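Two complexes are shown next, each including chain A; its partner changes from chain B in the first to chain C in the second.
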Partner chain A sequence: MNMMQVSFLAIVMLLLLGLVAHILNVRRVHRRIEMLEHKAVPKEELLSDLYSCQGSNFNALALSAWILFLTALFFLYLLTPELFQDRNYFIQLPRMASSLGGLALFGLLGSVMMILVVVGSEKMPESLQYYRLAELYGYYSMSRNEKRAMIAAIPLLWVSILISTHMATIHPTFWAPEWWAGFTLLFASLSLLIWPMAKEMWEGRS
Partner chain B sequence: MRLCIVGIGGMGGKVAHEFLANEDFESCRLTKLTGGEHVTSGGIKGVWLESDENEAKNKNKFFKDGRQNPHDYPLYFIPHDMVPDGHPVHVAIKKKYGYDIKKQGYVRDAQYLKAVYEIFEDDPEIRGKLLDLRSTNPIFDCAWAAVRPYTTLGRGKCDGILFIISLGGGTGTGFVNPIVQHIRSTGKGDYPVFVLGVLTEEGTASDREQYAKEGKRNLGAISSIYDLLTKGGGVDGLILVDNQILLSRCEGDYTLANRYLHQVSLPLVAARDYPGEKPPSPAVRAFSTEGWSFPPILVPCYSRIRRRSGSEASLVEEALSKGRLFGCQPQDADKAIVFCRGYLDSGKIRNAIVGHIPDLTADKIAVWRKLGENSHEELLILLRNPYGSPGSYQIEGTLEWRLHRVIASAITYMEGHKPDLLYIKGYSESTQDDELTVTDETRQALEDFFYGDRGLKAELEVAMKRLEDGTKPFFKRPLRIFDIPDPKSVSPLVIEDNKTTPAQRAQIKKMIQEELREMGLKV
Partner chain C sequence: MINMKLYFSAGVIILCLLLVTLTPASGQDEDDYEGPPPNGDGDAGSRDSSGGKSKLSLNQFVRYLESWQRDNSDKYRYMTQLLRQGNPESYKVPYIWLYYNGNLTVSRNEIPKIYFVVENPNSLDLRRTLFVDLQAKLPGEREYHNVNQIPQVVQPFDYVVSGERNITSLKKWPEINSFTQIGGVGEVKLRAYMHDGTRDYYSSGRSNTTHPHYGEMTINITNAPPQLFNATLVGPQSPRYNDPLEYVAEVFDPDDDLMAVRLHITDPAGREVRNETQEAKSGRVSFKAAQYGFFGEADAGKNFTYYYSLDDGIDITSFPPRDNPNATFEGPNIRSTPKLWVENLHVEPVDKNYYYWDEYNFSVVMRNQEPYSIEIPVTLKIKTKDKNWKGVETRTVTVTPDSKRIYFSTDDAFDVLDRGSDFSFRFEYQEYDQNNERSAEMQWYEPLNQRLMKYDLVSIPIGINLLFVLILPLLGGIFLEKWMGKGRLG
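For the complex of A and B:
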């Protein structure tokens, strides 16, 4: 396994950590509340009481960050054949790659896929409402500074996308430090996006 | 419990700002796209009532002018703007009473707004000049109109009001009673209304901040507290906070103190209630006032500690020992209203409180929980009437001690500043104060109000005695400045001696004896 594959695995692991943390957080809160109430508490009731609106602007920016995240991931790993030699933009979609707006279309493809994930998550039943991406952060207590820090993921992701675009332009030349810079920004952005879940899991462990 | 926060005056506005700050990411362009609303902790809403145009327009950047665009948020209002300059009512009040109801920043006298309210409420001659304003009490109607839309009485969601004021003798001190009375007089007798009053510190430290010297501030404060506590059907709880304690925790920094006040209130106002433990404000009101015919004093005791299992006892211990925001003796409290955030067991909280206050049975303790931050747990206990031990007025750190000193200072001020209080020509020592020239009728009313046999000074002396004896409550008899006869409501009481039965005689005798006892006279 080369370093790039390890880096991809790290991103996937971080993503999974966020998901697992979120599931565990909700379960732990439910368990603790039931223990303190000395009775069963319906999950739907708990979730509706637990949820607090973080604001439309924040929600819009957080969703944009997630959409950009998938786009940046596509650009970093699928644009050039360094990681997936047979599955990348140039080999799989040569006609699109050589067209005028090919790169933009490729980015759009990533965005549309993430939008589909968001829309799909909205269709979750009430008992699984905490998986809805648009409501995700409503289950966490977040300060204004934490929100500002999280939204910093957007410019970081844009820089990562620009780096990947530059690398695609100079391909087959490959400059490792530039790629690692793109990866670091992507990793940092994902860390910011899952920060509330990870923080809650860490602080609520005892 | 979703409260409408109403900051009154300079300090009230600053604290309200902390409560009402937008928790969403702020961007005008993005807001146009998303239609984003102002988000606050617990969905609270609020408004700032101010009397000083300069303070509101030039020094404040947070609240928007409610007259310019009522759709903006959050807003400030200047209630006396409702009466145009030179309006017949402005002129008539000036002529008949000497008061200038358009005076900027209001006169920093405790009785000023009380008098204005009474004039509007009771003087038919003045009311007759108000027809074009479509209001019988325009200043207070305008203030209520600014608050009402956020409440369930309007189209809003707030099921209770929390007024935040400084008891420093300025706008907040003078305005709070009339506005509460006004809300009540519009038939909203059971709508929950609480007041958070911050008593200014002792000494000269806040003279500049409050534009008034200690004695004058204390008279303003005690006069306001007096009215708040004696008006039956007035407020549902006066939450007292001592600025001296607040500042000692915030290294003397007023901005930090305002933030701390907000943090202390989070267990009360924040969202994320435990399932089935979302108390509507009327439930809190009912618990707060139950079994007490006067508006109660509530002393907040707050603690916040790092989360660990079984922390209930430590939180209660910390709150009742080091977390009191006003001097008091917790063991004298007759009820405890607890709001907390964290994974806390309400049974353990009750037990811990009973451990400190053995006289409180479980039914006298209400606990409402919310989820908070994971790292810390918070507890806010509102102790109801935590005073009433004979001799406690001599013990530093008790409510009796603090209020006894404030009352003594107010009485001393009244004794030494009669010309100031009665606006006798040449009274003003300060160059800041524009002298008021009141009419003889007003001066006489003020003299009776302050120095009469049953006036404020006499009542305060009786109250001091009650504090010394540990009697609850220490303020009993409502006071008015003007006795304006209303021809419609005057009905002379005639007791015809030959028609009264022995039972009626006994009843009348008993009533008179009770009244004399209340005046401190031996019967």
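For the complex of A and C:
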């Protein structure tokens, strides 16, 4: 396994970490409420009570950041054949990839896929509504600074996409530091996006 | 005993002659005397002193004979006939048999050992010269015919005495050296035919014969069919219609028959288009295409096959066997008459970096070898590690008697999958060129560049693309929030 594969694994692990933290956070709150109330509290009721709106601007930017994250992930790993020799964009969709609007179409592909994930997650039942991506941050209390920091993921992902695009334009030349810079930005962005869950899990552990 | 009778008869005749000669002396009429008058010489005869009888000397007898021959020729002829042949009523019929001590089923190429034996009951002086033929009756025929050409002769002295029988030794017809001379196969009846100038005799008249003696013999003659080996077509691999071509084969007939060797030339559908026949004995046969005029200009571009049939007069055998009509020998595949002259294939990329997105000028020099212009469709095809002769462009071009470079300029020849690959290109056309091909191809010596994207990062196309990529997610997020309203307070 080469370093690029390890890096990809690291991103997947970080995503899983965010997911697990989110699940554990919701369960822990549910358990504690039930202990305080000394009675069973329906999960749907709890989740409704827990949910607090974070503001339309923040929510729109947070969703944009997640969409941008998937696009940047595609650009870093699937645009050039360094990691996936036969599963990259230019091999799978050569006509589209080498067309004049090939990059834009690739970006569109990533965006649409993430939008579909968001829309699809809305179909979750009430008892699993905390899996809905659009409501993800409504279960956490976030300060304005934390929100700003999280929204900073968007410019970081922009830079990551620019780096990936540059690497595609100079391919087959490969400059590893540049690639690692792109990866670092992507990783950092993901870290910011899962920060509220990780922080909540850490702070509420006792 | 028979000889004794013959000698006795001859003696009686001579005695009668003597009595006739002596009659005048014993009182016969002078007119009856037909011999010469006694001339009193010493050797004419001398009278017996006791009875006036005289002995007939040899000289006298000769003179008698001469005078009878001269004066009474009819009686003289009758007398000589009597002396030579005896009484025709006393001539006995000779017998003849065939003698064959072999297998009654024989191949035509076997050496026949058919003999005949004659038993002649007549005494030596009565025997006549006999002429003997071997006769055969083929299946379905009603008449016998002679097998040999020259009759075998049995002279009167050709007999040996065996007990009281005069028989010949075994005799055969020396010019019959195989059963092929019998002229047929199947159950053939054989008999001996004998004649003495007066009468005819047949061995088939004798039925009470036992092996190996036969009156009429029935043998089963089989034929070994002719064979053919090593059929080859000698000539160029892909000949023109007027190239020297020679059909060669080895033929063999076990019976050593003269064979009619027929070469059949067929078209790919198996239809016979030409045939020629040669008569040959076992050995090599050859049909030269030019000699027989097998192929003409109209045959250019056609594929032919061939087979042989061998006829030995009895069996007709084909090679390859015609049980399967499609079984033939291949060839020749006559080249088409070339019309085009094609040379100097070339490719010139607009950019010397050989990017896959570049425009390439593929070109070829063509001319018509005929003194007129033709319009033919020409197709450009490309082969890379990803594409196996992918058609790029087809165009109808005018080919003139003068050499002209024809260009196919295209930026659609390669795509991103071809980057880094070696490539070949080919022009395909519907007429034959000087190599009797309908295409010409070339392996280019420069591989395509590995570069993935046509534009640099700082370029308008990439800028526009990136703007779209960066803005679209923002718009997507805003759209989702507007649509779902999850972040709205209250």
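Keep this in mind: the second predicted complex is superposed on the first by the 206 of 206 C-alpha atoms of A that agree within 3 Å, B and C clash if a C-alpha of one lies under 4 Å from a C-alpha of the other, contacts with A are read in each partner's own complex, and residues count from 1 in each chain.
Quick note on the criterion: contacts are C-beta pairs under 8 Å (C-beta built on N, C-alpha and C of every residue); 3 or more make two chains touch, one makes a residue touch a chain.
These numbers were taken from a predicted model, which means no experiment stands behind them.
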Could you look at A:26 and tell me whether it touches chain B, chain C, both or neither (first, second, both, neither)? neither
Who does A:56 touch here: chain B (first), chain C (second), both, or neither? both
Applying the touch criterion given at the start, work out whether A:158 contacts chain B, chain C, both or neither, answering first, second, both or neither. second
I'd like to know which partner A:100 touches here: chain B for first, chain C for second, both or neither. second
Pick one for A:36: touches chain B only (first), chain C only (second), both, or neither. first
Based on the superposed arrangement, let me know which partner A:197 touches: chain B (first), chain C (second), both, or neither? neither
Which partner does A:186 reach: the first (chain B), the second (chain C), both, or neither? neither
Chain B versus chain C as contact partner of A:80, first or second or both or neither: second
With both structures fitted on chain A, tell me whether chain B or chain C touches more of chain A's residues. C
So the chain A residues that chain B and chain C both touch are 53-61
Residues of chain C defined as touching chain A within the complex: 356-357, 415-417, 420, 450-457, 461-462, 464-466, 468-470, 472-482, 484-490
Mind pulling up the chain A residues that touch chain C in the complex? 53-68, 71, 75, 80, 90-91, 94-95, 97-98, 100-104, 106-108, 111, 114-115, 118-119, 122, 132, 134-135, 138, 154, 158, 161-162, 165-166, 168-169, 171-172
Would you pull the chain A residues touching chain B in the complex into a rising list? 29, 32-33, 36-37, 41-42, 45-46, 49-50, 52-61, 141, 144, 147-148, 151, 199-200, 203-204, 206
Partner chain A, residues of chain B touching it in the complex: 21-27, 30-31, 33-37, 39, 42-43, 271-276, 278, 307-309, 343-346, 369, 371-375
